[in-house]
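Structures for review follow.
In what comes next, chain A is part of two complexes: it sits with chain B in the first one and with chain C in the second one.
Entry: the complex of A and B
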């Protein structure tokens, strides 16, 4: 299981690119953090998630 | 306004002295708000990406406007640093407004944690604009930590109560050699104008616009107020008499019997 934005999901073995595409995230508009470390965009295709990983996908929203 | 009166933050020059918040109103109003306010800096927040909402705020912000991500949601320095790094990874420059709160009732900033986060992020090359409770000692520590500006609150976030901390902001303006940008609580153009008359380098506002009846019109009013206040400050305000009066007219040549 992989935690994606706080939710436990069956995503082990997938790349970051696959997770973004399959879940409807726009890769150009998000930043990705894996176990508290930022994943550079250049590694989205090669970074494979494993059991116990925690992924955060964030973007900009309105704020003051 | 004269073109040579620039606001300089972290080596970057701005003509506008009004920083616009983008929270709590429709994305479709952002362009009009930016344009009417004349804003060149706009704040944003970082949140978990929403897969249902396909519109992105970045598509609504006009070209040439500098993005100022905040670290809202951070409860300590560590969380603020994490959010700032994610914001930079979103690819929109090195500016960051540090916002650290551990109190959800009054949303007051944690000055001690803010100093810590400022030091870490300034060392990582961020242009750090810390939101803080107006305290001179904290402001001095922020200068030493590498802040690019200091952003004291006027009154609690979202309250529209105006310059409750006026005298303490004045101390920062008088003593701190960085742009003092009044942030939070500015609810009316007149309050923004007063902050600028006091010598603030800029004013930031979000809720005053978001809760206005006509947001674009209020943005225009804020632009005028900030410009008027700046001009008044630069021109040098007239003195105040402690007692008595002083005639505006000459005291000779009266028509009398």
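Entry: the complex of A and C
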């Protein structure tokens, strides 16, 4: 199980890119933290989540 | 005649206490984007007596900015970096204010933000916000980053909050009110979000890092 934005999900074995695509996130508008560390964009395709990981996807909207 | 540096400093010390004012005066903050968020954050930090402020924006003051941004009609057409620096020097004549007229991107951020321990993300474009946050967290994991997302429209001000996302990353806003979603940006609600950012910056400087 992987915690995604506080919710336990069956996501182990998936890449960050897969998680973003499958959950409707625009990769150009997010920052992704894995276990409180930023995931560099260059690693979205290769970083594979494992049991016990905690992922926080911050999705930005426009306005300022 | 404006008051002397010593007179202004001691007035701030009376309000904030000696120790807190010393911390404010010794701090340095860079504000990235000088629109509704950045111009309001800058005014709050200058008034609190933050010692060094660096202002970055590539754009000029437009008539469409006047509904929410801290510019005057007689500043239309000026670079925001110049216009806001002028206003802040009237508010806080002894604050060390510097500015750059430049568009930040992945390649220049490591150089242009290197000198500042606290960074405010105050852009308006969602992709630009994500770019700045990703680049700063990747290159400068030790710096404090206070960003904002979700403050458009006229929803309740009570839905705007500050969240601590990671050790050195705070995010203010309601997280979802997009500028494209109907009503645009309205002065008071953008200012609430900017005040969340400025409050978090001052809390960090004071030594309190919880949101």
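Please note the rule applied: the second predicted complex is superposed on the first by the 60 of 64 C-alpha atoms of A that agree within 3 Å, B and C clash if a C-alpha of one lies under 4 Å from a C-alpha of the other, contacts with A are read in each partner's own complex, and residues count from 1 in each chain.
In the analysis below, a residue touches a chain if its C-beta (ideal position, glycine included) is under 8 Å from a C-beta of that chain, and two chains touch if they have at least 3 such contacts.
This one's a predicted model, so the numbers in the text were calculated from it and none came from an experiment.
In the superposition on chain A, A:34 makes contact with neither chain B nor chain C.
Touch criterion met: A:25 reaches chain B, while chain C stays clear of it. By the touch criterion defined above, A:6 reaches chain B but does not reach chain C. Within the superposed three-chain arrangement, the count of touched residues of chain A is higher for B, of the candidates chain B and chain C. With both structures placed on the common chain, the touch criterion links A:57 to chain B but leaves chain C unconnected.
In the superposition on chain A, the residues of chain A contacting both chain B and chain C are 29-31, 33, 36, 38, 40, 56, 58-64. Across the complex, chain A is touched by residues 21-25, 27, 30, 43-52, 54, 56-58, 67, 69-70, 72, 82, 85-87, 89-90, 92, 157-158, 184, 204, 206-207 of chain B.
By the touch rule above, chain A contacts chain B in their complex via residues 5-6, 23-26, 29-33, 36, 38, 40, 56-64. Considering their complex, residues 33, 35-38, 122-127, 129-130, 133-134, 137-138, 141, 148-152, 165-167, 169, 171, 175-180, 185, 190 of chain C touch chain A.
Of all residues in chain A, those touching chain C in their complex are 28-31, 33, 36-38, 40-41, 56, 58-64.
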